[in-house]
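Which chain is which? They are A, B, C, D, E and F, in the order written, and residues in each are numbered from 1.
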Amino acid sequence: MGYGDYQCMDENGIREDGRKADEMRPVEIECGVVPVADGSAYIKWGKNEAIAAVYGPMECHPRKVQRQDRAILDVRYNMAPFSTTDRIRPGFNRRSREISKVTRDALESVVDLELYPRSKVRVEIEIICAEAGTRCCGITAASVALADAGIPMSDMVVSVAAGKCNGIVLMDLNKPEDNYGEADLPMGILPMTDELVFLQMDGDLSMDEFKIAWDYNIKAAHDVHKIMIEALQKRYGGDV
Amino acid sequence: MAIPIIPSLLRDNLEALAADDQRLDGRSRFAGRELEIEVGCLANAEGSCRVRMGDTIVFAGVKFQIMTPYPDRPTQGGLMTSAEIRPVCGPNWEPGPPSEASIEMGRVVDRGIRESGCIDTSGLCILPGEKAWQVILDLFAISDDGNMFDAFALAAIAALRTATVPAERFDVGEDYKLPVAGTPIMCSYQKVGGRFVFDATKREELGGDERIHITLGNEGHVHSLQKGLRGVFTADEFNEIMDAAQSRCAELRDIVHNLEESQ
Amino acid sequence: MAIPIIPSLLRDNLEALAADDQRLDGRSRFAGRELEIEVGCLANAEGSCRVRMGDTIVFAGVKFQIMTPYPDRPTQGGLMTSAEIRPVCGPNWEPGPPSEASIEMGRVVDRGIRESGCIDTSGLCILPGEKAWQVILDLFAISDDGNMFDAFALAAIAALRTATVPAERFDVGEDYKLPVAGTPIMCSYQKVGGRFVFDATKREELGGDERIHITLGNEGHVHSLQKGLRGVFTADEFNEIMDAAQSRCAELRDIVHNLEESQ
Amino acid sequence: MGYGDYQCMDENGIREDGRKADEMRPVEIECGVVPVADGSAYIKWGKNEAIAAVYGPMECHPRKVQRQDRAILDVRYNMAPFSTTDRIRPGFNRRSREISKVTRDALESVVDLELYPRSKVRVEIEIICAEAGTRCCGITAASVALADAGIPMSDMVVSVAAGKCNGIVLMDLNKPEDNYGEADLPMGILPMTDELVFLQMDGDLSMDEFKIAWDYNIKAAHDVHKIMIEALQKRYGGDV
Amino acid sequence: MGYGDYQCMDENGIREDGRKADEMRPVEIECGVVPVADGSAYIKWGKNEAIAAVYGPMECHPRKVQRQDRAILDVRYNMAPFSTTDRIRPGFNRRSREISKVTRDALESVVDLELYPRSKVRVEIEIICAEAGTRCCGITAASVALADAGIPMSDMVVSVAAGKCNGIVLMDLNKPEDNYGEADLPMGILPMTDELVFLQMDGDLSMDEFKIAWDYNIKAAHDVHKIMIEALQKRYGGDV
Amino acid sequence: MAIPIIPSLLRDNLEALAADDQRLDGRSRFAGRELEIEVGCLANAEGSCRVRMGDTIVFAGVKFQIMTPYPDRPTQGGLMTSAEIRPVCGPNWEPGPPSEASIEMGRVVDRGIRESGCIDTSGLCILPGEKAWQVILDLFAISDDGNMFDAFALAAIAALRTATVPAERFDVGEDYKLPVAGTPIMCSYQKVGGRFVFDATKREELGGDERIHITLGNEGHVHSLQKGLRGVFTADEFNEIMDAAQSRCAELRDIVHNLEESQ
């Protein structure tokens, strides 16, 4: 099958994996999966699997990156070598570095960093199985892990992505939709206010398509948020 | 006006100015700095452009290499973008392996061009399965007074659109103009004093919050977005800068096209 | 019981416990922690295993690549083991180039498997002199509460013994089960409070001295030994843990074999 | 054309680009080309183009390289990836490291480093278009940039190179003369005393040829020095 | 000659190089071969040649690796690029890093580190000609160099290796025996007590073979120890 | 005589000695230290030399590899020089990536040999366009008591001139002596106490200023020059050391040639 021959939707508006256009893949979240961490979360999102662990607040090394007035987040996004069909060689990787940075930018927007001057909080995101949309998985899992670690936040970041395939705007592209698709719009949303802390996009979207994709994301974020809350409630009981 | 160098004082200062809808250099919110743009300025590059926006000065240079196509795409060449921000361009840029900031810059500029589809990598084939052109776009900063993203993006597309494929030197035919099927343009907005402004200076960057980069194509389609740095924004704020970007990108696209015609 | 975090106090504490033949978590000297082992758990790996020993959790993943055999061994494929200990697994593991500790871990696990001869690299040939399989074993830690060596070694052999060679994906025939001709098992002993204990926790490691890693094959032959860290030991001490390893390795080998049958 | 077939001079003693044996390529210098730097200079020398920027004096990091009794110069010579016919891959490069070192050795010989204990002055040299003789361009431009930054110096270093092609000693080799030539003698000269702070040579020169090349360099240095002075005067007016 | 065709022993139990099963290759040791070091030793062991140099105790940099209660050993094992038939490319090498680590672990077990808190002692081991058994050469030479430097030790480490070839347990494998052999058991022995501080093994040994190899090693260690003592006596005279 | 270790005191001391035309070890200005030179000393190298000058000890080793010639020079092999100054050779040499000092050393020694033309890379061709010899010269220091440049350069040319091309091992004919068409020799002078001296010791280096390296060929032609470190010098100073170098290089060249004959 060449590029462009993929049909993402049948005549009834149903996608290959049974979803409607605005529907998410199934999402499961579990807290406390890294026993030695201060907070952690496991997320299964379609076939994606990610683990996030949080350590700290701790003393900030090296001194050079220390901030006098606040903590910093030291965020690392990484794909395990066996997480993809073709093995990923460990080591420096520009894509991972960029995703680590935008993830940090997103999370630093909600964590109450001023509480911990001169400290750092380490956030480690490991993708152990990758389908499509791993950066959203990572940000979402990291939010839950931060909450699990008891780090004060103004809200949890929920990250979801709508996209486009065969000219149709679709929520949460799976792997073939991503491979043959034409656009991807990942967002990081604060469910209490619908504000954003993360935004990327690549591909081709008209302004109309863009607005549909945006709205899909806002709606989906609220669905995922419920699953995040349930995972934390399951661990701690009661209100979160 | 003396500029406070203590970041918190600078932030206060910028907030006070914003309250009066003012900026440090007197510009209005969505006004850009004075722009100079020159193509064909680097004698050993196959395409080149120098952009000056206020005291920000950058070069983009296009070079070509012959590559072996990947086995699963035997007729496709490649496009590679490299942004090595050398310490020549400012006191805060350090030598060493590529920093996060330079990686982000290179990748965001690259995505705007790549995702617009303006470079058709299938058109870069020389001999299927054996030889294809790799287009290498090098972003090179001389003076960083803020908003290098837009300066790089503008220099990049202008350098590509005026580049010559050096087929003779590689003994694979006659030189020809690199086909470029569109003119994606990036506009970047930084939150300064609580509201987004266009084309921030270094001082506005130092005392500001998040920035948003928008790349739009010829038809006004969105090809790339990126939010960078710590900060929260609303849909309304985003819509406002998206509107501003639509008109500013069109103006800059005309400037690039006029430059080509006058060449 | 509160655990002293000052290393010298921890050492005193561990010595006092050792004097009564006790351990921090109540285990006897040669008892292991609760063990969970699951194979086939990583959807994109051709062989995989997750091992949990107490609060230590690791994965091993097997991937395959096609390599060109070395000219002097035209019919041989290869086995490569990589242990990249990512900082996700504990507060003391740092990012950056591979540490001495992770290099040692990868090489010791690799030697146990390689030297047992359980992977016949001649059997990995696809086309003599042109194509052979390279088996890549990736060790990946999620949570380090001590004795990652044994956890990795167990996950590694279980992942290999349940791996499928993805010949169809590479268009070189039908998928088949990777042949593995033995089940080498590693048991590690750390000197804590003056005597060797099996399956040390992180705290026992922090307050302990040298460790000895023993890998034994199906017939009880020795395939690999390694003494790590500062410390002196006698022949009698060594013989005692070698005896313990002989019985414990046999038990663990049965667990791996039962797991395969139940698959 | 093979090696050795190149004829650098016609029967009238005129080189391919119209120069006589002891003549320099045209040199232009402009100060202040990097607005954010403390001092800067642009040099065009034949087809060579280089930019030098100076930052400092500033605090010296890392502490390990700090000197208690004086400042250090932190000099970097670099060729931009598009500066040559075949693209130069960014990253570690032994040639650039050596040129950076000898440039620093030259400039440290004239800068009054004892005025700024424990500090550093950063000198950044970027070759944006390379013909032949880029190290001389770099040293010369850096001298002007240091003067532009107001860093006290005992004299400015003028760097020029004579060479040999077809057995003839020639001033300031251009690219074909350099490619097919037999020797190159770059020197760094203090025009007030004709003393040296920089010297390299490679190739093959008899002692007689060596003396001719040396004398060519001393003379040329005085010519280039005038252009350096004019550039500074143009920026600051009056005496420099 | 293919793998497995090698015959390591003739019908009289004599190996290709004239040794019996339990016999070592000739070993020569000389102290003080690196004049600028605080202690040094050269060892020739069969065709192996190694040099060990010791510097310190000295201040420990970087601070991060400093220990408040004791000195650390900073041990580097390295093979010179020309030490083997196929040149070894300089730079990072996992095998050398592991051997450096186990060598340090062995030597730290005997050096009286508590005498020098916050310091480090550098131990540099360079293999300049490699046959087989270079790690044993390195550890043994380093012990002598530490003694030569006057660093207090509870005992000197003697490192030797027995192995197996053609199913026969042999002391101190030479190159063909190592190439075609089936096992190698290097040990680091304290000759005063027959205790161990270093142990590695790879290959295949039954428990019976293992015990023979162990005993060979203990005996050989005492022979090598005499040569170590003689080298130190030759340098310092009298008792050591 | 006790040597002051404080650099400024050392400098004063060296200046006082210079005023009396004395040196720390009693040598005259242009006298070298005691020299030992031995070739063929590294069993696994195809050419080798050990040089001892006072307490400075270095090795040079020559190895050969087969390379594919560059497309534009199908009949040419290559020469590569590598100077990895390992920390074995002195307390001030640190591990890690190549330092500036070692890069300069390797390149200056390399240029002296390369630019003299003594290695004819066209003569290294095995099969035009396909196979040629790459000569690899490894400089390796054992003990640094100053002036490693001259020690390396001497060891390098002696190792090359006594090297054997290992054609049999690579199955491309019979072994033969590497042809070397000259004997370039380097002499280095350091400014100590205000005047240049030959063959400086480490202490003279520590308390001295700039150094000048001169490589001269068989006919007394100049093949390479290098001025290193901070310092100013005059034409007269240079001419004086150039004269000294002319006679000393000739002496050292005779030593190398005698060594070859006695082999």
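Convention: a residue touches a chain if its C-beta (ideal position, glycine included) is under 8 Å from a C-beta of that chain, and two chains touch if they have at least 3 such contacts.
Note that the coordinates shown come from a computational prediction; the quantities given were computed from them, not determined experimentally.
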item	value
Separation of chain D from chain B in steps, with touching chains one step apart	1
Interchain contact steps from chain C to chain E (minimum; 1 if touching)	1
Centroid-based (C-alpha) most distant chain relative to chain F	A
Per Cα centroids, the chain farthest from chain D	C
Separation of mean Cα positions, chain F and chain A [Å, integer]	58
Centre distance in Å when chain B and chain F are each reduced to the mean of their C-alpha atoms	49
Distance between the centres, which are taken as Cα means, of chain D and chain A, whole angstrom	52
Whole-Å separation of chain centres (CA-atom averages), chain E against chain F	32
Chain-level touch network, classified as line, ring, star, complete or other	ring
Traversal of the chain ring from chain A via chain B	A, B, D, F, E, C
Complex interface listing, chain E residues touching chain F	33-37, 47, 49, 51, 53, 55, 58, 76, 78, 80-85, 87, 90, 122, 124-126, 128-130
Complex contacts: residues of chain D adjacent to chain F	69, 92, 94-95, 97-98, 100-102, 105, 108-110, 185, 190, 193-207, 210, 214
Touch list for chain C against partner chain A, complex	42-45, 48, 55, 57, 59, 61-63, 65, 82, 84, 86-91, 95, 136, 138, 140, 142-145, 169, 202
Chain F to chain D touching residues, read off their complex	8, 97-98, 100, 103-104, 106-107, 111, 114-117, 210, 212, 217, 219-235, 238, 242
